[in-house]
Amino acid sequence: MEQELKPELQKRMVKGPDGVEFEVEPLRDYYCEALPTVQHGAYFKIVEDFFNWARAQSLWILGFGTGCGAIEMRPLMTPRFDAYRYGIQWRPTPRQANLLVISGYLSVKTLKRAIRAYEQMQSPKYVVGLGSCTINGGMYWDSYNTIKRLDDYMPVDLYIVGCMPRPEALLAGFEDLKKLIRAGKAEGANQYAEKFDWYKSNQKRVIHDWDMPDYNW
Amino acid sequence: MVSALHIITAALAAAFLLGLLKEQQRGLAYGITLLTLALMSWISAGWLWTFASTGTAAVEIFTAGTEPPFAINLRIGLAEAALTLLINLVGLLSALALKDTLLALGRRAMAVWLVAVMALSGIVLTRDLFNLFVFFELTVIASAGLVLLSEHAKNDGQALAAGFKYLIVSQFISAFLLIGIIFAYHATGTLNIDDMAAAAPLLGGGAAQAFALAFFLIFIAVVAELKPFPANGWALDIYESAHPAFSALFSAATGAAALFAVDKLLLIGGDAWLPMATGIGIVTFVAANLLALPQTNDRRLLGYSSIAQTGLILAVLGQRDILGEHTLYIAGGLLLSHAIAKAGLYWLSGLIAERGLEAWAALRGQPLLIFAFVSFISMLSGLPPFPGFYAKWELIHLLAGEGRIVLLGLILFGALLEAGYLFRWFGYIMKREAPTEVVDNVAHKFGAVFATLAALAAAWALSLVWGELAGLQFDRFNMLLALPLLFALAFLLLDWLPVWVKNSLAIAGLLAWFYLTYTEYDPLRMIFAVIFLIGGSLTLLASYHEHGRRIGFYPSAMLMFAGLAMLIRATDSFDFFVAWELLTVGSYFLILRGKHSEPHALSYILFSLGGAFLILAGFALATQGAPYFDLAALADLVQPLAPWVFLLLAIGFMTKTAAIGLHIWLPGAHAEAETDVSPMVSGILLKAGLYGLIVLLLTMGRQDFYGVELINAMLWIGALTALIGNLLAIFQEDAKRLLAYSSIGQMGYAMFGLALMNHLGWLMALMFVINHYVYKSMLFLSVGGVAKRTGTRQMYRMGGLITLMPLSFIATLIGIIAVSGVPPLSGFGGRWIFYNAILTAEARLPMILIFLAGPIAFLYLFRLIYTIFLGQLKDEFRRVKEAPFWIVLPQMIYVAILLVVAVVPGLVLRHVDAYLNHFFPNGGLIWEGTTITSQFGYWNPVAIMIIVGVIFMTLFAWLLFVNRRAQKVKQFNIVFSAERPFRPETTHFAWNFFAPYRKALGFLTLPLVTLFWSTMTDLLHTAGDLARRFYTGNGQTYAFHLLAFVVIVYLFGMGVRP
Amino acid sequence: MISLAQMAMAAGFVLILIGFYGALTQRNLLRMIVAFSLANTGVHIVLVAVGHMRGRTAPILDAAVPVADALTRVIDPVPQALVLTAIVIGLGVTALMLAYALKLHARKHTLDIAKMTELKW
Amino acid sequence: MSFDWMKIPYALLTVFIVFNYGLLLGAFIQKIGARAGRRYGIPVWQNYVDLIKNYGQRTSITHGVMFYLGPVFRLTGGIGLLLFVPTIYGSYMFSNLSFAGDLILALYFVFFGTLGMALGAGESGHPHAAIGITRGLSQVSVAELPFALAVFAVALQYQTLSVTDIVAAQQGGVLNWTLFTNPLAVAAAMLAFLGSMMRPPFDVVIAPQEIPIGPPTEYHSAYLALMQTNRAIFPVAKMVIYMNLFFGGATSWPEFAVKVFLLYLFSAFVGVCFPRFRVEQSIRWFLIWAVPLGVQAILWV
Amino acid sequence: MIKRAIALLLTLAVGALFASLLVGYVPDSELNHTARYYAERTAEDIGAANIVTAIIVTYRGLDTLGEVTVLFISAAIVGLVLAQGRVLNNAPNNAPRQTRAPVSELLSTGSRVLTPLILLLGVYVFVNGHLTPGGGFQGGAIVASGMLLLLLADPLKQFSHRLIAVLESLSGLLFVGIGVLGVLLAGGFLDNRLLPIGTLGELFSAGVIPVIYSLIGLKVGAEFSSMLASLSETNHTENSEET
């Protein structure tokens, strides 16, 4: 059930200033079509371990809030919890973030944005699912409009359970994530590249108005 | 030698002979008419040749075998011969142009034509007062009849009405004339002009009083024939409704004859009547030009112009007391210029089907006719090399020498008005939509075309003659024969060649001229010579990209370059001014070539001419009567005069550098010019103004004007210009306009530097001269190339062109780094010298302004490069190619120059620095190895270049290494708050780029100056428009005007006379 | 004492002024032409009057005025000659004006000068 | 003129010291800011970790050549600025490469990085980057004005443009500092300093959510790391100029450390106390409060 | 009203100017030097009894030539003006012109009798111009008045334009020719001594003056006639055009 593209993405004939007409195909001309590849770490393990340590100590969370969990993220910045002291901070742009927190149920519409944001992050990058909704749909398990299992759509490194989990739980979860990273077990980005077709087909199954390239660089 | 009398007898005989022919033998009649006119012309030409070549005295022709004063006598001298030749030739050529009409109307019309021409010659020749009256009446009657020639084609009764109005007025005139003549006769007992002139001063008491009154009547009657303001509505109606070929005669010949009659009368009246002539003349000149402004009918406009010119010449005749023996040269120059130009224009008007000024766009596609038009309006505006220029030059000098400043000012003001409407008209021709009804078949209008071309030839011949005369008078070389000018004019003849040939010739010419003259320049002039000549040829490289013939480009461009070349070689005021005018005119034509440049070219030429007039006035004031002076002598001027001269010259030069307040012409002119013209007018031409300022400041230096140090005023102006120019630049959407405003700012810096009047200030100004040439030429070229490829100059419509036009991008990048003065490129040298320079200056407040101006430059420069080359590429430009090779090539050369100058600024600056030591011995720079040291600081361009280069390359290499696997992405691969951009147009942030700045400082960019000037022009225009309603078209009202004129002149003139 | 010449001259001037006034106020072309004729006549009278000398006769040398006496007997002949020319020229102009008026009337069906103002400003 | 090659390792040493000092200083100041908000704040080594992490990122993208060059320009500007000014007065070792030019060079070289960064960000094609740049340029063009005036006043005061000479003139006691000999100039310059530090109230340029951090919005990985490096060096280099011009310079590294720290602290204090200005507000603020001070300074020298 | 007031004001101002001329006028008691020359020398040099004629034809002959030319071009222009809009070569003019009532017998006969007499008087006047008050212009006017009489009597009367034109041109041409002959053969343009001066007071005296004056007479007569003819003809055609 291929949906027709939005007008701005459709192929069109454009006349150049010299009067010659040519075709513009936005999805091809505006977007990079390359697909992600598996990225290997540094050649020396010690270097990679060092980097992994640094990655763990410097978690930059993308400021992207979905569902009810977004409200639980805020207290982490406050004096009471002060996540900064653990090397955790928020970045406004996915380019600079390396941790995507899906903070609750994810409607299909938001999923598309989440995928885009995730793909625009640079690897290595990590995904943390917050609350039961990201695990199995939670109370929205039969909703027509939310996804049930985040893992089908992007490689989740860690789930933090609860509905919703408290900030303390989040801090604990991040500490666990750090351990995973230091251990070199948080290779979600490579997993995503390896099983790209599978992820894509899952994504496209729920997202009917797919109006972006397969991989958003 | 055939007696001049036969001019009259031949015409009469032929006129009577025509009556013997059958009505049907029209061809024969026409042939006789032409032959007779040719014979008349030949007679006058013979006399003219005799007088001109042998210099013999005037010849008297007696009639009735009796000596004057008892019988009528005629006289032919140099002036008479010239005037009769003019009249007869105009008659002949007009008859040619009238061929259809004359053939249709038959022998009677031809007879009237012959009589009209004869009567005009009679007015010139006769020395008898009453005979003068008879010839005047003949002229009047013949003219009234000839007005109807147009009735033949149009048949709408307008000409009839005009003729009737003329007759009404002429009735009044002839009544005054007759009464005047008879009472003058009664008082002096003679009718002979010379006899009366001899007798009049001897009269005493009541007789003198009575004679004065009688003479007043004669004088006012003859002056009324000159169509003085306001008693001239009838004449305008005639000009509008008559056949253009007749109008040519009416304007050129009748005007000339009547003026000569006034001249004769003034011989009788003596000096006491001169002020009255001047007053009437100058009022007419200014008023008619003012009234001409709102005209839309071409022939009426020309009519106003004719009236104005006649007024000017009348005013000149009125200045005979101070002009002395120069009167003939001046008045003759003006008169012949006016006559030939006006006749030519009227003949041209015969080729145009409709009467609106815009309809003249039909001339487009007829280069020769356009050249004729240009020559004519240049002649009327008194531009070199035409006789009017010499005349104006001498006139203004003599007036200034005598301190008649008000008159001088009025003449220049009127001339500016006139130039205004003439050049506006030219703009219409070049730029307006050509009417569907194009010029009639040129072959069909052979007569008019031939006449026009004859006038064109006469115009140039006259300029040669006047140049020669000027040569004799001031002992100098004929300006028209100056090599650069001839070279430029030669391109008129070569215009049929393809572009690449002409371009090669032009470049070769510039280089050759540089080679010929380079030994003459001191280092200061050398800089300008290199920029004007070498730089000019570099810029010309870009012109290779044009194909076809590019008619008109090369004559204009080379005219400008000729002016520039002559400017730097000029050592006296005359040469300097000539060069100045030439480069102004040449650049005007260049600018006008742009697609939408009509209004901007107009404001350019108006500001430039205004400035030129100020310069002229300044020179004239400075010489105190001498025809010209060595520019170096400016230094010898002393207090009461010097500041005025300084002020006039400085303002004049600052119109060219577009100082604030006088800058509004620049953005449009530079932005709308063609791709390769913009760098010429911006990179090269602007320097002419700076050169002028340099010459001025070198000689005159500091001047105190009522307690104001003028240099300080200039400092303020420079700073304000820099600030406002830069500020305005950041708000431009049009790339070339942005660059143009940036030029204003840069010129502000240079002016500021000059006004500092110290060693480093000048060095900085010269550095700016060089740098501005290089980077502004480069930027204009690259932006022009982009505009050429994309078809727009609106920056917000471009974007992301970096990958498509990488070379243009590089040029722009280097350019903006250089402009902004960021190390390590050459712009920094300028800034460094600048800061050192202002440390020594006393005036600190203007510095603050210029400080503010500095960082603002970054704003517009970034905007320029970002909105064009970076950001989002638009759909329609996805296939745009790099700018043409020939546009890119000079840019790359400029890039190379910039880099070289950045590393070794000493290449040029050292010599200038050393040269400046002559003028400012203190505060020079010390050149030691690669380090340049000033009184305050030091600077090592080579070291900077190396350090920055090494750091830069190291980091670049490191980043490349780290990012060796970076994925190249496309334009929409940007983070967009987890969304995707809609379209490139909506994603490219470019329009109203500096919105917050506008909120904070936008009030500084209110178009106050534009508002001021447009209010001024609107006021003038409205004044003209309201005042012209005074010509109601009712013949009776015109009679009122005439009587009122007589009464008012009587009250004013006779009231104050002793 | 006011001489004949002065009286004639005064009359001539008055005629001129009447003519002028008429030309300025009458809107009918024909009336204007008449006014001008009046003024012309006035001019001619003034012309002749200027040449008048008390007690002298016309400048014709015949039995009444022998050549020898001419100097003391005749009046100034020049104004007489001039007035002839003036008359003829005036006549020519008048004829011309009449013809114009005729044609204008034919074209515009009016003789009102205020209605012939297509050309203006 | 022979070149003393030892200058190169000395210069590298300066860069190294300043780099580390800058990283630590940045963290420290952030900590102080956090404490003002009653937080604990980041660890002092956090900046090192972030830097290493960014260099260690595995992927990166590029928008084009200028995108590459942006950070390079930026860091070249920072290092160059540092090196063109003598860091420690009287020390041959740390006079750096100041032989290449004087104060003017330093002042203009500030813009080298700014301009290059703006170009790089521009190439990314991100509208928010462009918006950030317009804000930054608008603000800096006015914020630099009082500084330029103050510098000029100082140059006039000491009749030299050489930084070394200016520092030399301030030796011999605290009262010889420009701070006391020309307080107006210092006041103007310090207000300008606030504007150039990208801290509140003048940080709308990088408004984190509205235009996600403005110009660097597309930068990541090693690009960002390069910029972070610059972030450590550049403010210090700038403060070195301030220190040299107005506060007597530094004759030793400890003195240097203290003075720079205090200067930084000044802007941090103001930053934590005041909310954000819009760009036009800050332009007006500078014109109304800072510029007149600078004008006075120049007029009364 | 305002217009009249202004007109009055202007007229009065001009009147004031004239008044000052009038007040300043002092009649001559003696001939001025120009007039004296004419009075003394005319008889001897020119041989014309009528000094005014001598002045007109000889001393100021150029004026007179101009005068004649004025009439000539006036006539030409009148012809041109009135001919416009009219069909050229006025040949087919028979049908519509017969609409008027025929001329009365009395008028036509009377005019036919008077006209030759008037013509004769005219010729007399211009032939004797150098002797008596009178001359070419006066004579010419009388001749033309004869024509006017004919026209008044029979408004539909047709003159031969051709004849008038030839007469006019020929006399003008001869006038100029004589003038030029004066340059060649005598003292200057229009010098009357081309022919012997003869005895003062006789018909054949004063050189070419009688010849010129006769030519002038013919020419003036022809010109006036042509003007009259043009004016009268136009009226018909224009009227018929209008209806």
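The chains carry the letters A, B, C, D and E, assigned in the order they are written, with residues numbered from 1 in each.
Everything that follows uses one rule, which is that a residue touches a chain if its C-beta (ideal position, glycine included) is under 8 Å from a C-beta of that chain, and two chains touch if they have at least 3 such contacts.
In this text, all values refer to a predicted model and were calculated from it rather than measured experimentally.
S.K.: Would you identify the groups of chains that remain joined by contact if chain B were left out?
M.R.: Remove chain B in thought and the touching groups are A, D | C, E.
S.K.: Chain by chain, through touching neighbours only, how many steps does the shortest route from chain A to chain E take?
M.R.: Minimum number of steps from chain A to chain E: 2.
S.K.: Just how many steps, at minimum, does a route from chain A to chain B need if it may pass only between touching chains?
M.R.: Minimum step count, chain A to chain B: 1.
S.K.: Count the touching C-beta pairs: is A-D or B-E ahead?
M.R.: B-E
S.K.: What chain is the most remote from chain E, judged by the mean position of CA atoms in each chain?
M.R.: Chain centre farthest from chain E's centre: A.
S.K.: Provide the C-alpha centroid distance between chain B and chain D, rounded to the nearest whole angstrom.
M.R.: Here the centre of chain D sits 54 Å away from the centre of chain B.
S.K.: As a quick test, compute the distance in whole Å between the mean CA positions of chain C and chain D.
M.R.: 99
S.K.: Can you give the whole-Å distance between the Cα centres of chain B and chain C?
M.R.: That gives a centre separation of 50 Å.
S.K.: Chain D to chain E: how many Å between their CA centres?
M.R.: Here the centre of chain E sits 105 Å away from the centre of chain D.
S.K.: Check each residue of chain C and list the ones that touch at least two other chains.
M.R.: Correct list: 16, 20, 24, 50, 78, 85, 89, 92-93, 96, 100, 103.
S.K.: At least two partner chains per residue is the criterion; list those residues in chain B.
M.R.: Residues 130, 134, 137, 141, 144-145, 160, 179, 183, 186, 191, 967-969, 971-973, 975, 1040, 1043.
S.K.: Two or more other chains touching the same residue: where does that happen in chain A?
M.R.: 32, 93, 95, 217, in rising order.
S.K.: Touching pairs of chains, all of them, please.
M.R.: Applying the touch criterion to every chain pair yields A-B, A-D, B-C, B-D, B-E, C-E.
S.K.: For chain A, which residues count as touching chain B in their complex?
M.R.: 8, 12, 14-18, 20, 22, 24, 26, 29-32, 34, 64, 93-95, 113-114, 116-117, 120, 211-212, 216-217
S.K.: In their complex, what parts of chain B are in touch with chain A?
M.R.: Within the complex, chain B touches chain A at residues 789-792, 875-880, 967-973, 975, 978-984.
S.K.: Show which residues of chain C lie in contact with chain B when the two form their complex.
M.R.: Per the stated touch rule, the residues are 16, 20, 23-24, 27, 29, 32, 36, 39-40, 42-43, 46-47, 50-51, 78-79, 82, 85-86, 89-90, 92-93, 96-97, 100-101, 103-104, 107-108, 113-114, 116-121.
S.K.: Hey, which residues of chain D end up touching chain A in the complex?
M.R.: Those in contact with chain A are residues 34, 37-43, 46, 49-50, 52-53, 56-61, 208-209, 212-213, 216-221, 224.
S.K.: Can you list the chain D residues touching chain B in their complex?
M.R.: Its residues touching chain B are 1, 55, 59-66, 68-69, 71-73, 75-76, 79-80, 83-84, 97, 99-105, 108-109, 111-112, 114-115, 118-119, 122-128, 130-131, 133-135, 137-138, 140-142, 144-145, 148-149, 152, 155-156, 159-162, 212, 217-218, 221-223, 225-226, 278-281, 283-284, 287, 291, 294-295, 298-299.
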